[in-house]
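Chain lettering (A, B, C and D) follows the sequence in which the chains are written, and residue indices restart at 1 in each chain.
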Amino acid sequence: MSTHDHFDPSRRAFLGATAGGTALTIAGLPSQALARINAPHDPEKLKETTEVFGFCDMCYWRCGLKIRSRDGRAVKIDGNPEHPNNWGVVCGKGNAGLMVAYAPNRLKHPMKRVGERGEGKWKPISWDEALETTAKELLKVKKKYGPQALALIGHGSWEKPYHRLAHAFGTPNTTSPVFGLCCGPRGLSNMMIMGRNLTGNETLDLENCKYFLMMGRNVTESLHNGETLGWVNGVANGAKVVYFDPRYSITASKADEYYAIRPLTDHAFLLAMINVVINEELYDKKFIAEYVVGFDELKQRVQKYTPEWAEPITEVPAKDIRRLAKEMAAKAPSVFVYSPRRLTRTSNDFGTGMSITILNTLFGVWGRKGGVFTPQKYKVPEIDLPEFEHATAHRIDSGGDFNYEQPEIPLAHIQDEEGKYHRADGAGVMGRWPIANPQYGLTNEMWRAMAEQKPYPIRALMTAGGNGFLNSTNYDIIRKALETVDFYVASDVIPNEMNMYADILLPEASYLERYDDLQVGGAREGYVAVRMPAMKPLHDTRDAWTICKQLADRMGLSAYFPHDSIKELLDDRLKKAGSSLAEIEKVGILKIPADPVKNFPLDHGGKLKIKTPGGSTKAELIPGMLKQMGFDKALDYVEQVRPNEDEFHMTFGRIGFHTHARTQDNVWTADLMRENVLWIHPEQAAKRGIKEGDLVKVSDRKGRSGEIKAKVTARIRKDTIFMVHGFGHWDKRMTTANGQGVADSNLASYAVDPHVGSMSMGLSLVKVEKV
Amino acid sequence: MNDTDQMICVREKKTIRLHWFNALCWLLLLASGFGIISGDFVRFAPTFWPELMQGLFGGNDNLVLAHIIVGISWVAVFVFFILFNFKGVVFPFLKKVLVLTPMAAFKDTWSMVVTLAHLFGLMKNTPVPPQGRYNGAQRLLGTMIIFCSLLIIVSGLYLFFGPQLLSFSENSFYGIIFRWALVGHASSVFLVIIGLIAHIYFALIEERESLEAMKSGNVSVEFIKHHNALWYEELKQEGKV
Amino acid sequence: MTKKYVMLADTIRCIDCKACVVACRAEWETPMGYSRDWVKQAEFVKEDGSPRVMLFPGRCQHCDEAPCIEACPSGAAYKREDGMVLQDNEICSGCELCVPACPYDARWLNPETNTISKCTFCQPRVDQGLQPACVQTCVGRALIFGDMNDPSSEVSQLLKEKTWVKLTTDEVNIGPNHYYYTAGEALPDEVMPKLHDRHLAGKVMENVVNPVGAIGIGAMLLTFVGAGVLKMIGRRNEVSTSENQEDK
Amino acid sequence: MALKPQLNYNEELETEYSRLFILAFPNKAVQPFASYWLESDHSLMGNSTLEIKHKMAEHGIEVAENSGLLPDHIVSELEFIAYLASQDDEKARQTQRQLLEQHCAHWMPLFIEALNKANPMPYYQLAADFLKQLIPSEMKES
């Protein structure tokens, strides 16, 4: 009662003053006591739904889902609690997946271009005509220029059948942005040194880690449910978080220590850490002795990289570097240096990546609890297929996904002895980008090859999802490539700037309306998961496998798609793995239980199996293969660009509820954030007369520019600006996203890492002025 | 005089039935109405009442429905009565009872004050001015009840049908009207209740004969002569007494 | 034993991914522009000049002394025995008297149903033994929901383990059942409840119509009870006078 | 003087159809779905779509699976209305009236307005005008 007096003093005062006597209450006036009416009510009932299993397609982590449907319509996406990628949780964009299916702007019918390429004039055609035309045009190109004249760019979980179709067609030129535009240098670093790859669904024992040294791994905003939950659990379990980022992200807000490191200088900091760890003998001596070669040479090489050397470069105090190294060593091996997901920033991402791997190796985190675990794999054999015609195109897709294993380094010439072509983007080609992964290729270089028609003609392009413009950075090259090819066929669920150029547009069913090939993953548990349709396709759309199968049939490649339906394919694969489609449809996921002995062999008296691409059975701190090619110089620090007085480092990144450039037109995610804004430090803003919400012009040294609203915040360094990635769409078909914010990709650098061939997007320097 | 014992019929049976129908409706509407208003900030009745009523009707939605059914029946019966008896009963009644000018209001108030004062033994030397068919208090009460009833009907209809027929989210004005309709509905009901207390008191305690008149329709001429001198004159002129 | 449902929000585990917001939208088909739940980002600069961000997932706080219930004329807003503050759509007329009464801005007029919409703690789901949609989907498992009166429930355990705070001030302390954990950090002003307000009509109803009505009715009753008493005394006097006269 | 070669009329029409109703390029979409105009998030296959689907089911009809159309596509709805008009029972008349008054009247005027704004080719302009005429006149009749 006393609280009530607090919150409503007027009530009593009034009554008290006016009543003037207690006699009045005889009439049964309302008493002062807060008495509530206890009356009957009919509480709302939950509506009945049916459930199917699936996995998400809103980002590339692919969480396990249970999709509820009612009345022939998917109504809610829940997480599958059994799936190790997310343990039942689903993020905001995952929940907004419904709006992919129900989007008014999605591609609904096969279309044929009737105007100029890129002009946006189309007419609807039948599927038969669309597939017939595509097959005819592709075969025309094959006849005239050879099969290698087809390039395939995929981005999405539906891309697998397209890669198979392209390989069957005979081209080696299939690529996905994941390597050259995203994780390439970091995957390669681990691969070269440890013979292992840490991208995909990260194999980090986050829950048990005691010390996260996070190099801009913004795990809360560039979020993957299982990974983020694991990290949050780790933090809740008492792990120390030391976070480095020029921007105070949400991850920074969770950190025990936050360093606003100077952009592009992570490598310098890491080298200084290595220096301290080695010189102060903080490394895991037993692990080094048993599993590592090249320690002494490394010791020599890092002598010059003292914390005092790093301090002015990174603006991280030398004493802190020493302290962090010691703190970390004290908690080792339940520690790790947490690499950023996308490592395509500096002019030496490969060196940065290798420093991270080296530090982790020095702390002996491999195969240890709280460190890096060894995943298990559910063995689901691929279907039996004829050999792919082209030697380097043999893709090891043992899972439902791609395998990142490095095949042998191929020959040095564009054309090999058998008259077959090497990749046009130069990935895995001696003399060009020999260490780049030819499974994924270098998407950026593929665009260049198309635009310049070098080293040989690429005359046909097929894209499966993706958006070349907003995921790459050199618009001129991409535009030229799209205008140069003879034939471009695009398949996707949503319209975007890239598929605007297509000659034939193939609309795909959304991931809620179709089956797809299996998801075979490796976590502590091995697993295989299924995607089932939660409803019939709303529009005249087809799933990727069916499109590819029907194209294959029309190009005489039926042998590569031997099944009559995707369901038959799934059943065939699952039967080989001792299960069946009917069985997996009941549970959604089949798993091999987690096994500490296999996941953490070094904690259980086991051994670590290492095989590096260089053939070593020990971790190579300075990979021999790189030395042969002279690429070991990547280990050394390379001076990075610095902005002039009036310039800024241009940085960009993710936010938890948008994925790349794919969700800005999704009504539900757009409702959370419709346009991106430019983060600028209050001092710099004041200097330019910029206030919160003002429109500002950002322009780089190349003369590219954009107009965007300002967010004035102390959460960013004075020499840096930031914007969220994926905005600034100009495709008029994207009615929600069109014209909202600025495309960071049009301001990011398109320099190339000299060793890997991946992009160095962070080298761009920009000016900001009030409009 | 002989005519003092004479009873004359002043009301038709239908009017009497209407009065008691009206009374019954009021009883039901007050009982259900006070049961509907629930929240402590807006509720007048003590908690047990809405609890009892809403429990009895299995939820407030049903109670509201009952309230509006009684309310509409009440209005409907009145409307029919007025339509069919406008000339015979309603118009003369309105003519006699409505207080529409300030002068009339002053006169009626004065006579009401004197009447009330007499109850408490005050102003004994001031006589109540001679009254017509309806005395000052009755005329004031009648006028008030007529206007309050109109407000109650209009606001009640809006309170029930407004939310069903209008999209409140489209125009914030609809909600504003609703909230003020609630205020209007409640305050006019209170005004009527206040009047009714006097009405019932006089009928039950002071002037039992008038209650009888509302049962049988007959009043003694003596009573009229005493209470409604002007009316008596009128009746005399008309030759009814 | 009766249940008492509470929601815990561990702000340390919240990452502002809006999963709760979108899950709620999908589960209850809330129209665009409205949401039953939210995440507030409090961004400020600390005394030492360094930036700070705190995250507060929020929704109806299902208060013990919920002013929305008191403001609702029709009883559509009600509190169930298990602590849930619910809205009966059958009864609600959408008059919005409850809207400004809520210090947490948890109520809004749904343009599709024209009734008041708010967080129900996912009562239809909870009644079926499920977790609220926001809790089920919460990526950092920052939201924990359950029965506080069950000592073995996760919420009971957590309430014992850590020090939780509620969003209350000296002015507004109405017994919210939504707890927050900030590891001891002070609550920023942005997330604190506003001194609740009411529509003018509601205030007039409460402070003028009802009291004046009460006074009026009371005064009338007093007057006429008094008059009745006087009359009875008068009669008795008359009777006794006449008796006296007869005696004489 | 040679005549200017004309585009195939059908192709022109098809292109215009896709410009207006499928891509709506470069204008804003003239979405031919009721759901788009009636749902707050402009999503397709909303509750309004289901209502139509159920209405159709009540009369024993459904949209052919291979038509690529949703039940609340303008073509499906108009066909449904035509079907109802061809039926000679009270229930069909009632449904038709309901459909026109409580459904079509809420979105078709918006659709027509958007179509007019998109400067359609004469063929679709005519269709828009016809539709405009049809809606109120049908309502008057029934």
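Quick note on the criterion: contacts are C-beta pairs under 8 Å (C-beta built on N, C-alpha and C of every residue); 3 or more make two chains touch, one makes a residue touch a chain.
Since the structure is predicted, the reported quantities are computational estimates derived from the model, not experimental observations.
Visitor: Tell me which has more C-beta contacts between its two chains, A-C or B-C.
Guide: If we tally the C-beta pairs in contact for A-C and B-C, the bigger total goes to A-C.
Visitor: Taking each chain's centre as its mean C-alpha position, how far apart are chain A and chain C in Å?
Guide: Chain centroid spacing, chain A to chain C, equals 43 Å.
Visitor: State, to the nearest whole Å, the distance from the C-alpha centre of chain B to the C-alpha centre of chain C.
Guide: Centres of chain B and chain C (C-alpha means) sit 39 Å apart.
Visitor: Using mean CA coordinates as chain centres, what's the gap between chain A and chain B in Å?
Guide: The answer is 76 Å.
Visitor: What whole-Å value do you get for the distance between chain B and chain D if each is reduced to the mean of its CA atoms?
Guide: 57
Visitor: Counting only residues that touch at least two other chains, what does the list for chain B look like?
Guide: 38, 40, 43-44, 50, 54, 59-60
Visitor: So which stretches of chain A touch two or more other chains?
Guide: 29-30, 34, 36-37, 39, 41-42, 98, 667-668, 671
Visitor: Can you pull out the residues of chain D that are in contact with at least two other chains?
Guide: Answer for chain D, listing residues that touch two or more other chains: 41.
Visitor: So which chains actually touch one another? I want all the pairs, not just one.
Guide: Per the contact definition above, the touching pairs are A-B, A-C, A-D, B-C, C-D.
Visitor: Where on chain A does chain B make contact in their complex?
Guide: Checking each residue of chain A against chain B gives 28-31, 34-42.
Visitor: Could you pull out which chain D residues touch chain A in their complex?
Guide: 11, 14-15, 17-19, 22-29, 31, 33, 36, 41-46, 50, 53, 65, 68, 70
Visitor: Considering only the defined contacts, which chain C positions touch chain D in the complex?
Guide: 29, 31-33, 111-112
Visitor: Can you list the chain D residues touching chain C in their complex?
Guide: 40-41, 47
Visitor: Under the definition above, what is the set of chain C residues touching chain B in their complex?
Guide: 67, 69-77, 88, 90-91, 93-98, 101, 109-111, 114, 198-199, 201-202, 204-206, 209-210, 212-214, 216-217, 220-221, 223-224, 226-228, 230-231
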